[in-house]
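Letters A, B, C, D, E and F mark the chains as written, and numbering starts fresh at 1 in each.
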Amino acid sequence: MSKSVFIGELTWKEYEAKVAEGNCVAMLPVGALEQHGHHMCMNVDVLLPTAVCQRVAERIGALVLPGIQYGYKSQQKSGGGNHFPGTTSLDGATLTHTVQDIIRELARHGVRRLVMMNGHYENSMFIVEGIDLALRELRYAGVDDFKVVALSYWDFVRDPQVIGRLYPDGFLGWDIEHGGVFETSLMLALYPQLVDLDKVVDHPPATFPPYDVFPVIPERTPAPGTLSSAKTASREKGELILSVCVSGISAAVREAFDLAT
Amino acid sequence: MSKSVFIGELTWKEYEAKVAEGNCVAMLPVGALEQHGHHMCMNVDVLLPTAVCQRVAERIGALVLPGIQYGYKSQQKSGGGNHFPGTTSLDGATLTHTVQDIIRELARHGVRRLVMMNGHYENSMFIVEGIDLALRELRYAGVDDFKVVALSYWDFVRDPQVIGRLYPDGFLGWDIEHGGVFETSLMLALYPQLVDLDKVVDHPPATFPPYDVFPVIPERTPAPGTLSSAKTASREKGELILSVCVSGISAAVREAFDLAT
Amino acid sequence: MSKSVFIGELTWKEYEAKVAEGNCVAMLPVGALEQHGHHMCMNVDVLLPTAVCQRVAERIGALVLPGIQYGYKSQQKSGGGNHFPGTTSLDGATLTHTVQDIIRELARHGVRRLVMMNGHYENSMFIVEGIDLALRELRYAGVDDFKVVALSYWDFVRDPQVIGRLYPDGFLGWDIEHGGVFETSLMLALYPQLVDLDKVVDHPPATFPPYDVFPVIPERTPAPGTLSSAKTASREKGELILSVCVSGISAAVREAFDLAT
Amino acid sequence: MSKSVFIGELTWKEYEAKVAEGNCVAMLPVGALEQHGHHMCMNVDVLLPTAVCQRVAERIGALVLPGIQYGYKSQQKSGGGNHFPGTTSLDGATLTHTVQDIIRELARHGVRRLVMMNGHYENSMFIVEGIDLALRELRYAGVDDFKVVALSYWDFVRDPQVIGRLYPDGFLGWDIEHGGVFETSLMLALYPQLVDLDKVVDHPPATFPPYDVFPVIPERTPAPGTLSSAKTASREKGELILSVCVSGISAAVREAFDLAT
Amino acid sequence: MSKSVFIGELTWKEYEAKVAEGNCVAMLPVGALEQHGHHMCMNVDVLLPTAVCQRVAERIGALVLPGIQYGYKSQQKSGGGNHFPGTTSLDGATLTHTVQDIIRELARHGVRRLVMMNGHYENSMFIVEGIDLALRELRYAGVDDFKVVALSYWDFVRDPQVIGRLYPDGFLGWDIEHGGVFETSLMLALYPQLVDLDKVVDHPPATFPPYDVFPVIPERTPAPGTLSSAKTASREKGELILSVCVSGISAAVREAFDLAT
Amino acid sequence: MSKSVFIGELTWKEYEAKVAEGNCVAMLPVGALEQHGHHMCMNVDVLLPTAVCQRVAERIGALVLPGIQYGYKSQQKSGGGNHFPGTTSLDGATLTHTVQDIIRELARHGVRRLVMMNGHYENSMFIVEGIDLALRELRYAGVDDFKVVALSYWDFVRDPQVIGRLYPDGFLGWDIEHGGVFETSLMLALYPQLVDLDKVVDHPPATFPPYDVFPVIPERTPAPGTLSSAKTASREKGELILSVCVSGISAAVREAFDLAT
């Protein structure tokens, strides 16, 4: 029981002991419930950062908090738009206050190091605001040594060689990777039972004008909801991504928090 | 893939089809990250209502939303108090707005029937407020047929005979069942690997004066954090509870939503 | 003039002097404007806790703040539901912030001991949240010795002998005591002119399924709005309740705040 | 019992019947808990508008809601400042939302005419905002015939002859009437037991520069907290004011709501 | 470049140096976008306090922040009402939080002296609330020497002789000066190109009953939106007003902040 | 006077007439007060989108609202970080509600087409949230034809040839363009008096790890606050950018709103 990296699977005494050791790093996956095309389940943005958290935590001795299951509203150019059935999103303030509340509680426990592991592009700024409000409040409480690392796991795939292996025909940018090769490959590596490659719709990459229109014009999103085709996704690509993310993030967290390697 | 009752494990097309059938019932487990004594993990209040939801959903053809992982602040007389390490709680408004946001989105999808399955005593009134604010807002949007059933699963264990089998020496009330026979038995039936009966501290039931003091006086909570001893918990009791809850709640939901049996 | 226990009836100099003595206990009645059946006025939940406050304050030398006149939304199983004309309720956040604001101001005055005297069941958790937010904020202001006792006055009627005298035919639980024997008897003892026993509707106790439905199903509440019959209410019972509450609460407050008896 | 103009003293059936008659006018006193000098109690701003409401209601057949007991923060030039012990004020948003919530509920009851009777200068703009937010929300609910009259009762004393009788030596403006001749006279007419004329401090009228400084400079407020001397207050003046206010407001409400006289 | 009094026109190094000198006074104009009759543009309430700020800042060595461009909702008796096209107003809380946020940031920069220069009557109380919330929060951060002077520039025109020159036929009060002689004269002195005197509608001063009605009754406002006629406005009067305001406010700010003259 | 494209410089009658013509497009610049290096003033993010708005408005017959002067908190990787003196930022909710309030008011005026012209990278998501909340609320009010185009003006510089002329040595991405060639060139073309090229610090482009740390590590930002050197900025480049933006955005707005060209 006490071997789990998931805080939810520990007793409070085990958690207390872990925090008392000092240097305890908590990791918080932040996801979404969002359509990911015809071929993939809707909790991808929770499953993936949770899986990355788990592997990083095992490697560096960190703990993983229960993930935030709902995220900010899907935007057309990054997630297809918030008009799809199934996509279930929070107002920005709700997400921000969830982050703020969790940080306040972690500080009470004695934790001083947190990794926010974002799995849904649109969450970023509301996470940032939650962190800012929380750290401001903690300063009022006399706590000024709480440190947060905020990241989106895909940002660690930067090596041109890796990108070349993932996208032999050229990389078109993270923005249209919603439900595409990247996420689908990771799901194939981690949760193949939640992917049905036969249902991938092979459409050209979505293109958008350099502005957004509200209310969204649904026709601008490719009908299946994905922004690029997952046709060339594979388990091997997913394993590569996972390995790159886990090692990159592990190193980054160690560096950011001055942890021994 | 499409057989799952968990919305997160469906594609949006599968979900859309299910909603289009009409009469779709969505179920939302609302839990907490909270200490549950020396012998049990901290995500009990998420795991249990989720498990009940899953079984009810299978029986009545409903769908289960990703659970709310963090709940309202633990109170001394019902959860030991919010001063324990590990217990990680939200402000009331954060929980309320999470509920409100999810209901607003479900209504957009076309859903009109929701079961709020509470697993953490202290959540109740903030869930109620979230429902009220959401239904009020939906009326402004012209939606007046959205219906919510709100329940705490333990309230369905009312049969004196069942209670007699669970507590042969007498039942002392739900309020002190935090981390006691009830929850521990359910966990033994569902997640035995997350319980360590050897670590149960066998203390007399907690007693409290008829008032609350803030800030909490930690000494008033039994040291392990449980409010009654789980010593007589058993897998069999857990299976009995589960069976009673699942059948009772299934019947109640069918009745409340006029579903065919 | 200076003899009053009501803060509103003191000059600020009298109040200042009282606070300067040290150990000053402030008491805040929190009520509601809510239907209480055909036979009773709608401000019962303000009048009763205020009357209890007054008597306790006289006994222990405390002061009574102006009561909060509006409370949280009436729930069907405890107050009949919020659909009745006359019932006039606040959103949860409004009640919570009212409590928070008052505590912040009391702290500025130098008060460090507060009794929240609740007279309306549905208020409890929003009062708790107001206290929590206020004490958290006070800690940021460097005030960490503000202490609050929160109670609902009826919780002090626990002696089985007393309950036997009030309910010779058996007690069915506080939850259905809305507008019933308990409140009506107290009103007969305190404000007989606001009760018309002839208008009591003698209906069987309300029974509810173990779940709530929103929007409320009005037919589930007995037509007069009461949850049990007040037929056997009497002035004598009211005096008994009052005496039990006043002495019990006085003792509790003394104990909680380490006051000399 | 049913003769009372106070809604809190009616049963819900009596209130329902009154509203069903049509043209029902509800009146809401909005006050404060605020220092009013050495010679007067602190709930003056609740007592006075409530008394005016009662008399107007009796005259025009209106109903009076329970008063809002706490108001916005006392400002130096109109109330002496919020630094006095005893003065217990709400944040602006708390007052605004209280007003908004009450209006929303009145609309649900079927009421369409409300008089906001302000008794505390600093409340005005937060009442206005509460009304605006409520009417906006009601429009979303399809209610567009809810009408509010907002007033401060002292604004009805405009007749130069009356002012001449109240202030034979010249009137210096409402702004410094805090705890002065006006309010003290009214209290002498209505609640003489809550005034102690012997304790009036006879100081020259407060004078202020044409700007405000925050944090407040306490020395700028006359030491007793009043902004002008109440030395020439009298019961007769109070009766005159009351009579002028009651008749003026009664006429105004009738006019504003097209009521028969 | 560095000679500007406008913070927005400085580099951060220039600003930093100015603050480091000590005694730095920041000035924040708070305006509105609001109709000002047929003869004047709608940003009068921003232009005028900004112009006054600029001149005062030049005289006393202060700096001027970018003005708040939108203000609180226009009220009928002071601005004609919020029903006019063009008038674009904020909710009270939005204005309050804008003020609070700016003060929090100034304090972080090391500024400790701020002048709030209001140009729109209806803003006052929401500015006051923003200041109060900000100073309260700063105290939690350990900053207790931040001082704010809040003023409306017209309050500095108090000299009866000056008023006599502006209103030779008698002054009717600031409340009806919306779009009248005062503002129009100032605009003629400062931005004559934004005034078209030919379009002034010469109507009698607006008169209102001593109460407000919501929703507003548009007919009660003179049709052009002004509350008194600007017919006798002139550039000379504007220069007089400007001179009186600038010298009065300069002296007041020096006095309030103990600045050398 | 009526020739201005700035709404603030129109009378309400002129504005009313313009809106009555139909198809009126309002444009709202959203900026910030933020450090822009040693060589540039701090209101760049207001001046630039306002200038673009003005030119687009002139071309397509639109109107320009007063700009929002304060923006969301500067982030290290896009604006250097919010720790610089002078940078004066709003909480996310404040910016969001400002946008929501303005849209609500425009809708009341009869406007149905709005362009949000963002000039500060960090604002984007809080603008999006403001738009979403406003359109949601407008739907409750029965307005479902309000359309918003949201854009950041730099996104219209996409032509590789143009980018080649701006960055002959290679383009490193918009993210590090804070205070660099792009903004500086535009300022040279528009407000040369607010730029001092001699003070440009010629540093290598900022590089950051693929994660953020909070609180910010100031040393990671180049000391002058810029993220890339403006050394090669020129008036000519600024004119090119301006021309590309104005024509691109004009075309986009016409297209999005189906305006005749």
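Just so we're on the same page, contacts are C-beta pairs under 8 Å (C-beta built on N, C-alpha and C of every residue); 3 or more make two chains touch, one makes a residue touch a chain.
Computed from a predicted model, the values in this text were never measured in an experiment.
Using the contact threshold fixed earlier, the set of chains in contact with both subunit C and subunit E is A, D. Fewest steps needed to get from subunit A to subunit E, stepping only to touching chains, is 1. Of the pairs listed in A-F, C-E or A-C, the one whose interface repeats that of D-E, with over half of its contact pairs matching by residue number, is A-F. Between subunit B and subunit D the CA-based rotation angle works out to 120°, given as a multiple of 5. For the interfaces B-F and A-F, the C-beta contact count is higher for A-F. At the far end from subunit E, in terms of centres built from Cα atoms, lies B.
Rounded to whole angstrom units, the spacing between the C-alpha centres of subunit E and subunit F is 26. The geometric centre of subunit C is 54 Å away from that of subunit F, both derived from CA atoms. Counting partner chains per residue, subunit D has residues 91, 93, 140 touching two or more of them. With chains as nodes and touching pairs as edges, the resulting graph is of another kind, matching none of line, ring, star or complete. Pairwise, the chains that make contact are A-B, A-C, A-E, A-F, B-C, B-D, B-F, C-D, C-E, D-E, D-F, E-F. Across the complex, subunit E meets subunit C through its residues 139-140.
Within the complex, the subunit F residues that touch subunit A are 72-73, 75, 82, 91-93, 96, 122, 124-126, 128-129, 131-133, 135, 147-151, 155-156, 158, 209-215, 248-249, 252, 255-256.
Residues 137, 140-141 of subunit B touch subunit F in their complex. The part of subunit C that touches subunit D in the complex is made up of residues 1, 6-13, 15-16, 19, 33, 35-43, 46, 65-70, 84-91, 93-94, 97-98, 101-102, 105-106, 108-110, 193-196, 199, 225.
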